[in-house]
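When the chains are written out, they are named A, B, C, D, E, F, G and H in that same order, and each has its own residue count from 1.
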């Protein structure tokens, strides 16, 4: 639900086109749609700047499809479901034929607004330490693009061969916000954090084995970064990093 | 070391006022001053946007004083040492009589640039769940102010009496960046994250006992926040949150 | 074994209808039926207020069926097996054709007493933060109903969109006991706990990923709740929460 | 703030004894008193059934005294501060000469309502496994009494000599709610849980050494209790257990 | 290799039936048989009182069969492989047709010495808390029997219905050593430990879910037992408990 | 309370020297003496083979003294309090002038029965890896002696210089039970376990730093011992190991 | 890229065979080849002494093949991919028919330089505690051989039968570097460390169950080794141990 | 005990200057000196290449002095006690007036052999990330020097200002072995590991707070290093790193 929808509604009510009883019931439904298994939050766009996003893990394909359809009908922004299997995508496709699927990012999405909404060069940079971190990075890249950001990527630049990173120094320094994605020891976040004066969002990944404890090593490493200006999201949470970066990037463009 | 210092130096060298040998030695010293026990990073201001900050924990009072003096002589920005005891402050005072000390924030600082450098209303909001979180919050507040930000605070607004938080809804929604500081279960970060479209920096604190495991409960809670746009720094790291928020706020003002 | 069965038995013994030797052997069998692999506790109903419940995980289908049959023969209350697969249900069905199966709750049950035994409006409210928490919630709902409670539910009311929760404020305040079920950061327990003067049973779920550590984040969060009147059961233990809530609700009705 | 205070206030406003401006300012102050370092919640009594309680750990003595004074002035119920040192008590005493101190429970309190408000025999039983658990038990006992409950205690009844527990079987079975407090392996919660049909609140304590990991062993033990009807609060949280038990006991007396 | 084999060998060497070179090579082979992937320890029986036992997990079926065959050829005692799948058993059967398989205990074994070697009534008692603990218990039972002990069992006697345990009080008190096997909170070890003056070996199991953390809760619980005379082996280690109990039982019979 | 005391009492009652009412009250008191803060278990000697032992940590000096006095008056065995400070000892001394104190073992004790009760050579061997493990070892040694065992010790025999251990091979092989005490990586338990056919009780100690995590490394190491016949007690629990060893040693002497 | 390649290139540039523009582009490509999903580090051989090694886990078969091909074309050393499935091997084989596969070590490799490059007797010894540790050991052995080292092995020599280890004392003492591989309690590292004056690289393995916590027990054990000269790599990291050992062994041969 | 001492002794025995009985007793004493609380290992120098080192933590000052004296009398190498307080040093000084004390390294030592025994330029480099890591670094430096190595240091070179590290690139590349010491996130180990072809010993330190968990973050980080040729010792174990480095450096000089 956008601000425009609300204003339109209020005017109709004032003009008598909508009765008080109708108004109350519509408004209630506009804000939260009770679906029994889900309470879809149609004002999140107003409140948080982006529409609600479906976290598909742990939901049945029927639930994912129903929530996406509900968001599709009442909003105008881009719609997405993260951590979605191809099987769920194919089910969603039946009712939402516009839906696309990104296999690596594991995102079902419907693009209704341009992916890149600005030409001011204020881009988000997504950096990964290794090739195995790419699925998380692609989740971040696509999310940020669906929310209108220009996104650059630089994959497999880990500190074991630090010249690979330095080859991208220019791109790092010009970025508006940087998302650093790394598993194993996650040292890349500290090194990048030391090279830039822009905010760095660090995403630990579960890449690794043994004492990586499914991403715990990288997580602790990033939380203890000796570089300043580094904050951290959950293990493998490319989506969350992208939302944080988008919110920051919007500030940087004076949108909010 | 500011850009101006460098340009000035380079011109003197070109004009012959400084010999090549002198230049080499000076430059080396300008960038990193080797003090045996510390290698003071005089170009951090250029590279990261802020001068190096002294982490006083685990350093002797002599070391803290020597590093602060070195930063004082070669730079022009505000200087600070975090996690500093009063005893260390008193030692620093001998050579740097301008130094002040904030008992709650545990920061020694020298203010050479205005604390509030803008009147554009773009403020950082520091929110705490409880009264016991205030020392961490004060570390964040003072740090952000020393770096030129307008800072508002709202202390003791935890979710156990959620109307206390809602009384500040206006202030939350108008803030440019929000730092949420909470111990125990750290639920405040999710609740605030759900109420704003601006980036939220969450700081878990070690406030609590038993199964809070010195802040681990709040840390995990914040990393798993169901609200988007929340990223996390280390337990009790008010300083780190403030630097992150400053970097974001500068973007919001178009400074960088 | 109900109190009536015991009194009946004792009278028969006094009247000589049952010899002393018979009495001894019967009584032993009445209390605990030794089945080799299980010692079925036929007096739990007397002692704890509810018949023994079969925890099907880690038991073979033959064992589950045999224990349910034994409980069926000697008691009169509702019978249930939790964490049961459909395969085990189908095996039980062979000897107990009255048995039903709830796919979401994963419970095999035989309903011999009315599910709702009172009309006094003293209901248990089951609240979940998300859609993925529903299986645990359904385990709680069905358990509480099998034990005679009126149960209301309110699913997907997490704090990321807190107005979804406030839409149910009336229902929360009127409930006699509230079961709050949440994964990820589990913040919902604290928020609900701060809104009611009734006891809250918090159930952390394993919903989440990465630093949720299979429910540990939510568990620690709930144990550290800043709201008072919140106590916690094991991760994903919808059954345990329902039993606790039932015992409390019975007190509230003056039954015990 | 009690309901009576509010009604009184509203009537005065209607009668014109209080102007609109005065009303707005008073009301705001009534609900939450902003003290800078604390936002005292004067409506918690209405909302949760009990006045706000001061958690003294991590607060200065000045802060504890100021908050207690504020609660004292605006409410009529009993007032308490938990985890308070004798030093803080002595400071509080200066402005609140009625204040008492319980050394073992570490509680500062002002008793303005009768400790035992009923004669219906519905008591809370506090059981400990050992002598070293007594400070936590006394925190629970005094809290529950300050909130009007009759409380019985049974200390040092751990399972290593289970006949010590069985000597109290009668008292266990007659209690309305039971608080079980144990450190080390916390087995007592399961044993008591198996003996009663009333709700059991388990409190793990940090009593023990080595692999007790400051109460973690007892905490995990209690969360995994094989007995049903057992829920758990934080390690050493005697206060929280007492509040939970009070809320349950009030239900049992039909007060709410 | 038994002492008799050694004596026999030595005499033959002295009598000249075996040359020095033959002796050296035979002896080396007798002690340790180097098989490339395994160094079979043929003197363990002498040194530790029992022959080497094959831990089949992580070994190929060919390796298990080869090691069992090697033990079979050079020793005279009972032979066993623990944690063995049926598939491995079937492979072993090809070369060792005497081999038997216990499905529940997951043990392949060859019985060459009587399972019960004494009639002195000095038995080992194996107690479990629940039905799901039986596989671990059966591993313990069969191991202890293969090593010549009389073993009694008492399954599903957990503390949630403590009268089930007390029904076996006589058997508990008469046992020479007791193995207590329990998952979830493992409280049974403390309760049994408090009822007997004989050594108790506690085996935590991975039975449970959520905060049982695969047996960690039971393990910590048992290590912190408030009852004395309880020592602990690894999670699910029925075999290890049986060996410990056998060594103790042999002492009790004056065998060693 | 010994069996003799009980028989004596019963005879007096039969002979009429003691009335029924007196009998009931005396008996109750004999079994458990309710002291308010402690329920002293006077039949533990009968039930478990040894009198109750006072765990002094977390008890006040007054409590320790009162319990010891109570045990002193009603029993005849040796009395001990573990983890006791010198200050507590000096307080105990006022009422129990026979009490002695072992500074290293931190035990207050009263020796009323001979420390060594047998000459059959069946000794318990206490082995430590290092010098820093000695306080735990001395707690074990003194406990075992107070319970009538012959004890040998062998300190500082860790595996870093394995010939130090082998120098004691004879003593190891002849011991009836072995207590192995080690911090750091705790490897000694496995090595000793591989050298003997007697039961080994392993005691991890908190000796070490860093990744020893206060004894966790040694604890896990010992629980995973590849040698059979090793069971484990809590970190630093010399007392518990000694009780376990005593119970085993008594079996070995045919006492029970 | 070897030093020879670089010198050759530089000379061609000086001689005018290569233009400046060509030089710049070639050089960039020589150092790091950007493949989109990977940035292959062609100068690692120069910088670290060995070519880059492909970690196949988490990479698609197409990615593994493409990177191996790239390394094959630009370098002259041996090429390897670790943690590779047979399926990935078969895909690589299509474009690199020289590739071999070691099933136990799970390594795809191309041998272009002799496996054993010296006859000076300076060998690396790989020791395992058990048979189940062999896959990790084989990864170490093959890696070390591909890098030109003579490697000896000694498998299944754990401390439970310490004579098995002592049978190899000679071989241990003559080794230049020793890799000790052990799961469970990992005690072997300390014992071997105490027997040699050469560096020991310890590799904990995930062999074990229960409280081994997937190798954590062995890892902590090895980190706390009481023997000096022992350092540790990640759980199951045979590859890393071999690289470390190779670097040390090269020093020992005066190669670097 | 050096080889020379042994040869000398053997010759005297052969020549009859020492009787067989004397020989046996002397030899026993030579190898291990039983001091009751310690078994001093006088052949460690022969076996491991360095004399035994006293770990002073957890030993009394009397014990430290007695062991140092014993080592002093029987050996000829340098003697040291680590983790020693000044108070222990002063006690040692009474009997060993040559002893020196390094306050930062916390080492008591007696230098009898030259600290630097070679001029071949094969030095060990000790690098720290910060100033607070210096005490651990000094423990490493002094240990390595006492064992005859040339040692270079480079302190406060953490990755937050990576040019500080690159200023030392030459020194890093020329070192024979590198010890990298870092707390917080420990990223320095990976960065240095990627810049050199020599072995790197990583030492995590407990420097940091919150989620550094006393060095755990740095430890895990270093164990998961994406750079090869990095192995790890215990948290804060500067001594252990130095011994490992010394053993490697000796190999590099062809001494062994």
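Here, a residue touches a chain if its C-beta (ideal position, glycine included) is under 8 Å from a C-beta of that chain, and two chains touch if they have at least 3 such contacts.
These numbers come from a predicted model, not from an experiment.
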item	value
Minimum number of chain-to-chain touching steps separating chain D from chain H	2
Third chains touching both chain H and chain C	A, B
Of A-H and A-C, pair with higher C-beta contact tally	A-H
From the options A-C, A-H or D-E, the pair that copies C-E, where over half of the contact pairs coincide	A-C
Shared interface numbering between chain E and chain D [over half = same, under half = different]	same
Distance between chain centroids, defined by C-alpha means - chain C, chain D (Å)	27
Distance between the centres, which are taken as Cα means, of chain G and chain F, whole angstrom	50
Centre-of-Cα separation between chain G and chain C, whole angstrom	54
Shared-contact residues (touching 2 or more other chains) in chain D	47, 130, 160-161, 194-195, 210-212, 216, 219, 223-224, 227-228, 234-235
Inter-chain touch pairs (all)	A-B, A-C, A-G, A-H, B-C, B-D, B-H, C-D, C-E, D-E, D-F, E-F, E-G, F-G, F-H, G-H
Contact set on chain D toward chain E in their complex	129-130, 158-162, 184-187, 189-191, 193-195, 208, 210-213, 216-218, 220-228
Chain B to chain D touching residues, read off their complex	130-132, 134, 155-157, 160-161, 163-164, 167, 207, 209-212
Parts of chain H lying in touch with chain F, wherever the complex brings them together	28, 31-32, 35-39, 41, 43-44, 47, 52, 55, 57-59, 63, 67, 83, 204, 206, 214-216, 219, 234-237
Chain B-touching residues of chain A, taken from the complex the two chains share	47-50, 53, 176-177, 194-199, 201, 219, 223-224, 227-235, 239-241, 243-244, 247-249, 251-252, 254, 256
